[in-house]
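First subunit A sits with subunit B, and in the next complex the same chain sits with subunit C.
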Partner chain A sequence: MSDKKMISLTIDGKPVSVPEGTLVIEAARQLGIKIPHYCYHRGLGNPGNCRICACEVEGAPKPIQMSCRTIAAEGMKIHTSSPNARRFQSSSLEFHLDNHPLDCPVCDQSGECKLQDYYMQYGLYESAVREDKLHKGKRIPIGPHVMLDQERCILCTRCTRFTAEVTKTHELGVFGRGHREVVDLAPGRALDNAYSGNVVDICPVGALTDRDFRFKVRVWYLDETESICPGCSRGCSIYVHTNTKRPWHNEGRRVARLKPRENPEVNGFWICDEGRYGHKNLDEHRLGRVMRLKPRPEDLSWSAVLDEVAREIKEGSAAKGAEGLAVVASGMLSNEDWASFNELFVRTLKIKRFLFGPEPDQIGAEDDFLRRKEKAPNLRGGLELGFGREIKSLSWDELAKSIESGQTWGLYVVERDPARAWGTARAKALLERLDFLSFQSPFKGEAGDWAHYRLPATAYVEEEGHFTNFEGKAQKYSKALEPLGLARPDWQIFDDLRSRFMEGEGSSGRREKAGALA
Partner chain B sequence: MSQGKPVFSAAEEKTLKGWTTRFPYPAMGLIEALRQVQEWRRHIGPAEESRLAEMFEVPLRRVHEVATFFPLFTQKPTGRRRIGICRGLSCELGGSDKAVRALKEKLGVGPGETTPDGEWSFEEMECLGACEMAPAAIVNEELVGAASEETARRIVSDPGKDFRTKTPVGPEPKEHRLLTKHFGEPGLETLEGYRKVGGYETLKKAIEMGPAKIAEEVKKSNLRGLGGAGFPTGMKWGTVPAKEKMPGPRYVVVNSDESEPGCFKDRVLIENCPHGLIEGLLIASLVIGSEDSFIFIRGEYKRQHLILEKALAEAEKAGLMGRNILGSGLSCAIRLTRGAGAYISGLDTALLETMEGKKAWPRQPPPFPTTHGLMNRPTVVNNVETLMMLPPLLGIGGEAFAAMGTAKCGGTAVYSISGHVEKPGVYEFPMGTPLRRIIEAAGGVRGGRKLKAVIPGGASTPVLTASEIDVAMDFDSLRGVGSFLGAGGIMVLDETVNMALAARNIERFLAHESCGQCTPCREGSEWTVRILERILEGQGCPEDIPNLNRTGENITGKVICALGDTVGSVTRAMMKKFPEDFKAGVAAANEKAGAAA
Partner chain C sequence: MAMTVRPVERPARTLKEQIFLWEVWIGLVVTFRHLFVNLARHVLRALGLNVEPGAVTIQYPEDPAVLGKRARTRHRLLKREDGSPRCTSCLLCETICPAKCIHITPEESPDPRIEKRAKTFDIDIGLCIFCGDCVEACPVDAIHMDANNVELSSYTREDMIWTMPELLGDVPKLPRALRATRPASGVS
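Our next item is the complex of A and B:
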């Protein structure tokens, strides 16, 4: 990839080879050697002001160096846990803690705090502080998502560098001087940029906490699953943090928070607030029952409902023409879903009319950083199968007209709510004209009430699959939670339904799919 | 901010806009503009900050950082006049507490407060660079003199009056004086007076010599940086990349931010001979190839700023600077730029940050300023005295200059002497002169008392005992006894001084001036002060002394800049050499505890 010269050195006796210009702290990381650090962050540079990442450079005139400021040189012998290096690390930690309130029991950072972690690894001394701690501001809401505690702050400047260099919005600064200085908002400003939540992630201590997550669950009760943000076509890598061990916490919601997962090719270290807080409704207005609503409401088994849906499609098509059936879907489908969707609706049922494009209900704000205007993660997955190429998307208006004119008698809606596009009254009027409406989704939405059949699908955190982002990168997301109720992945519903149209083929069970299509 | 009443009047806008174009980069005028607003409004509010951010095209965050970093700027209105009493070590020894008490009685308000009629704000200040007048007093950034109790009261009654005493410059006879040789001759501060003693003749000579030959002479001279670091000047100049290698502008900046307790020689040098500095700066600019040079002067040197302004105007009018200097075809503009009350601005990289209109957080070299300095351009930062040495140096030649000093430190040094001596003032001696001789020249210890200790190079340098004063005053010899020559700010302490008090005074200064960037210095300096205060109150505990030693060691050498290094070393040296003064505070606590039991 790089034609840079390689540099060989040893760290704690282990040889390592790194490209020219690599920092010692990074060379150590490559060996799995962790050097404590606060101010240094790969996404935010190395001001070298926290003075904790000391290492000893054998034979150097000044042997103790900051590993975040030292560039690896040929033949260097580095020691990261020699007595001198350890002493430096530990003494620096003492200064970080001497005015720290040590309020861990009531601090939301507890359990993922670098002051705690490093104290256990590099500290373990008895406190020599006999003085009262300095007092600064507590519990300052600095924006819609972030709470500031200036007493816990160790002034590593990660947050101010983030707002200065990454978002370039400059809401935060270090004001005052010396021990009186504080991180705070510039006068009259609020930390309300579209990426504000990231400052919570990069804050190594409990100075910046997430107003949404604060006091909901202790972090040691959380489980972590690798996933992809479904909020837009960027496909940022995320972690889903789930709370199942203490279900009575977090207001009963299973997903406690989303965190960015480093991915240099897509999102670096960051995610936007829109994506970060997009999990809030994951357990709300969910479909869990398999139902026929019209003409006579009844809970059905999957097998029974799919038999009925298949029969209605067959009979309707025979009587009113197959072209009168339209399908609404979107980039919310995974690659696995798209493949089965294609098999069912295009190859088997020969449907011609689809609505899948990012019509206004899936268009939102974008910027030149991460946020994309298509608020669905996987339009690109459909594109590979012809959706958006040979198969053009209808607009909501076109679909409405075709219902009004009677051209469309049946509609199969997947993970999308027509009421959001048409408005409640119009959507109700239009959908009630239909002879057949199958509504398949994790969420009830509004249109769910007007459907003939309501099929519960899994949310992305309850399944595994792949999303292909706008650049064509197929990325895997993993299953973090069990499905709610009887919900099934979309692809499985499509496959099972398709089997109703296949002569001589039984209901297909779960089968592995090639997800990484792109 | 666009709706409603405009923040500034049209005339004010014009003045402030003027600062956006005064320097090569707009933001360089930000601190001057903030000074202007502080003067007009007596504080800097959010509306003013916002408007300045727009005018200077910098984030509001940055304006607010600058406005809250520098003590000159206030967020709440000050009184119409600001009176400050210096609390630096020499001033504390000189009775600053008495002056503070007298002022408190007179004004009816204490330090940090403003009189109810809004007329006076009263502040205790860090070193004002007038240690010889201890305790020094300042009104609206202008040094007004020595604040005895009586004078302190008179300053308030008669605010326009100048109560300064004349600063002695020595020694007499002048045979070994190079830089201060003509000091005291009438009119030296004017162009005419300076020319009478041969002023600007060296500049002519230098233009004929050309940069390479001058640089060679300076190398031969063993001239060392006299601002404190003692780095060989010729070597520093030599690290500036050649114009062919790195085209584009390069700068010479005079560091005139003298702010360390014990140091005031730069102030006296400028007052006596501003043209000497201009000539030295022009010569250095010639060598470096700078067509834009700057004099960065500390904000509290208001009078010295005016003196330089006047001298620069004279020099420009006489064709000595600006375009086509003395018909040589060479050009060099010199502009004045000011700090706003931060000691750390005197550190070269922090000085450059200040000049760029940022708070003075030191940069972490490499790269060094000589390759990446002001606005990332090659920049030489030299102290006032260093540059003023150039005309006499070239006058006598590099070899003769070197011969005056020691093997590695050429020429002379100008010392500020204050504290318990008979004649505090400025004294010039060849490098290597024994400290004892310099103290004797200043009249010896005041009142026939016994000498206890000497701080040889300014408050940040480790203390020497009375038995160590035969040390030769030069960069290398002082290192040999565990201290530094620094900027030659000699503070003499007699037998009455409690060293724990001296330590608290200096550490309080360093804690006040710590920029807050590196954790060990930011936290450790304040912690050190609080422990020392407890010891001074007789509330020490036995662990305090080992703790101060341990934390001191943990700061020195472990931070980005030299200020932090001194935080750890000042008290340690005092505890090592005068342990009884520190143990007393611990013992007192033990006695109390014993009595209670």
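Our next item is the complex of A and C:
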């Protein structure tokens, strides 16, 4: 980058210098000038077929040039909104709208549709077309996640290029010719690759819409928060789109959809379908009450339950030995959670036996693009504190054996469901042998019913924190929603619990902090 | 929400206002002016003279209310020629509604020519401010405010909610228990 020659040019009277080989449209973006475009996408190249990114190059023999096909040259003078450029842009848009059905009121894309946006800016408003609009296929389900509407399509070929260049699966193609050209599936194929949802994001119009999101909520009701996908250890940057203002939409769920957020260092422009639709459970089987479940279910306050948990750990350790207490955790913890986890269980309680490895319940599909097999976002954050290095993870079988032999009398489970690793019947039998089981999680799971104490934690959309991905990049995720019920972030629960073990050790500052947060 | 408080000074009463008699007298003058002016107008019109008509008292509610031609009254949903609701569930009325009294849930239509339709369409008349923005916003002329119904009171807040069949005129509006508009977000 730095050894490249810099080129100086003027766009709309503003000087800018860019590295050699930069496209005019990118140089304009650097200046904050937005040139309309459909086919050009930074992740997909520049075929130059939509003809709307026209700009005027002063002094060129043919002054109207496509800014996505023109490479910046020294001394170039570009006008992006001169009368000539504007006229070209308007005429291109007129062609795009020629057979467009204009069903914006029922189109899911409306509100984030480039055709709508540019029509408001460059539209000619009066239709010059006297003929009937050409009818093509509508609402064709082309895959498990994507719905195709050929009438709305403007043939920018972003989707076909995505399947050809990014996933290399070639499901989509352009068929027919002239005004009868359509985007369609290759014969006998379905758009069912692991990244199919991305074609919905890159489609600048409503031709490809999300079947999952279809009619759920209008996009202008949504709020957007920057976050990190918790689906695997890749840690793709995402936007969380939440619907809280109109709770009767989206089937009452607060998270409406996840969208990829551009991050050239991790995920580029894309996310996988697994991560994209991984938000469904965020409002289901959630914990919101602080409870002691045995001998009979009873609601407690946070301070009461933490006092009791601390007392059980102290008494149990004194009577049966501290080595009989094991902790189950996972890479679902944020860096902040891991730090407090480490303080509590390693530094303060001196516990030796931890289970945090992803096998087998947090292992899934993997490929050489984005998906990683560890389906937990932050194993690396634990690794950096020694979990997996100095402290080895038990396997579920080892833990089961130690419970069966009576060696383990107590278990503290954090954001994980033993029933998924052991199976329901075995997990129930094993967990009921324990004298102490504390279950701290956003989700009830199956094991939530067999615990002695059940502590509600926040899900990643309800807290702020950092995940460190497998490459060691710590990335921040922001709070998109309010916690449900009494749920608290894991780190706060660990800190408050730790303050119960700090009696008379000059820990007042720590306790005050915990108290202020309580 | 931040509240703005603007102190308003009370005007002091003068002696003339304090004794009330003068103000009572002014009130009586107004009343009797109306009486005699209207009496004169009715008499003169009865004699065939073309003067302005006198005021008429309507015995509402015994007599029906007389509404202006452009009066915005209770909403009405319109139907297509085949009898299905015109509403395409685009949610523009719901979006524009300043009182947020319109709740629509869309669904897929079984008719292949129709993309989207309303599964439920509820208007909470108790929240409605009768601004008419929903009528303006509708791109398919599916909602009008011309049911000429202004007697919309009920004994419960729930009964102020009008559902789609009622707004379409398919079923009469009867008091009834309300459906839940939102699935309970069960936390345990």
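Assume the second predicted complex is superposed on the first by the 500 of 518 C-alpha atoms of A that agree within 3 Å, B and C clash if a C-alpha of one lies under 4 Å from a C-alpha of the other, contacts with A are read in each partner's own complex, and residues count from 1 in each chain.
Operating definition for what follows: contacts are C-beta pairs under 8 Å (C-beta built on N, C-alpha and C of every residue); 3 or more make two chains touch, one makes a residue touch a chain.
This is a predicted model, so every value here is computed, not measured.
Enquirer: Should the pairing of subunit B and subunit C on subunit A count as a clash or a fit in the superposition?
Expert: Pair status: fit.
Enquirer: With both structures fitted on chain A, tell me whether subunit B or subunit C touches more of subunit A's residues.
Expert: Comparing touch counts on subunit A for subunit B and subunit C gives B.
Enquirer: Considering only touches as defined above, state whether A:His37 meets subunit B (first), subunit C (second), both or neither.
Expert: In the superposition, A:His37 touches no partner, neither subunit B nor subunit C.
Enquirer: With the two complexes superposed on chain A, say which partner A:Ser92 touches: subunit B (first), subunit C (second), both, or neither.
Expert: first
Enquirer: Is A:His170 contacted by the first partner subunit B, the second partner subunit C, both or neither?
Expert: In the superposition, A:His170 contacts subunit B only.
Enquirer: Pick one for A:Ile154: touches subunit B only (first), subunit C only (second), both, or neither.
Expert: First partner only, subunit B.
Enquirer: Between subunit B (first) and subunit C (second), which does A:Cys50 come into contact with in this model arrangement: first, second, both, or neither?
Expert: first
Enquirer: Should A:Arg286 be classified as contacting the first partner (subunit B), the second (subunit C), both, or neither?
Expert: second
Enquirer: Mind working out whether A:Arg69 is in touch with subunit B, subunit C, both or neither, as first, second, both or neither?
Expert: After superposition on chain A, A:Arg69 lies in contact with subunit B alone.
Enquirer: Across all Cα pairs of subunit B and subunit C, what is the smallest distance in the superposition, given in whole Å?
Expert: Least C-alpha distance: 24 Å.
Enquirer: Please name which positions on subunit B make contact with subunit A in the complex.
Expert: Per the touch definition, subunit B meets subunit A at residues 46, 49-50, 59-62, 64-65, 68-69, 342, 359, 364, 511-520, 522-527, 530-531, 534, 541, 543, 547, 550-551, 554-555, 557-560.
Enquirer: Give the list of subunit C residues in touch with subunit A in this complex.
Expert: For this pair, the touching residues of subunit C are 88-92, 94-95, 100, 103, 105-108, 115-116, 139-140, 181-183, 185-188.
Enquirer: Could you pull out which subunit A residues touch subunit C in their complex?
Expert: 103, 105-107, 138-139, 214-215, 218, 220-221, 246-249, 251-252, 283, 285-289, 444, 448, 456, 484-485
Enquirer: For the complex, give me every residue of subunit A touching subunit B.
Expert: Those in contact with subunit B are residues 47-52, 54, 62, 64, 69, 88, 91-92, 94-96, 98-99, 128-131, 134, 154-155, 160, 163-164, 170-181, 186-189.
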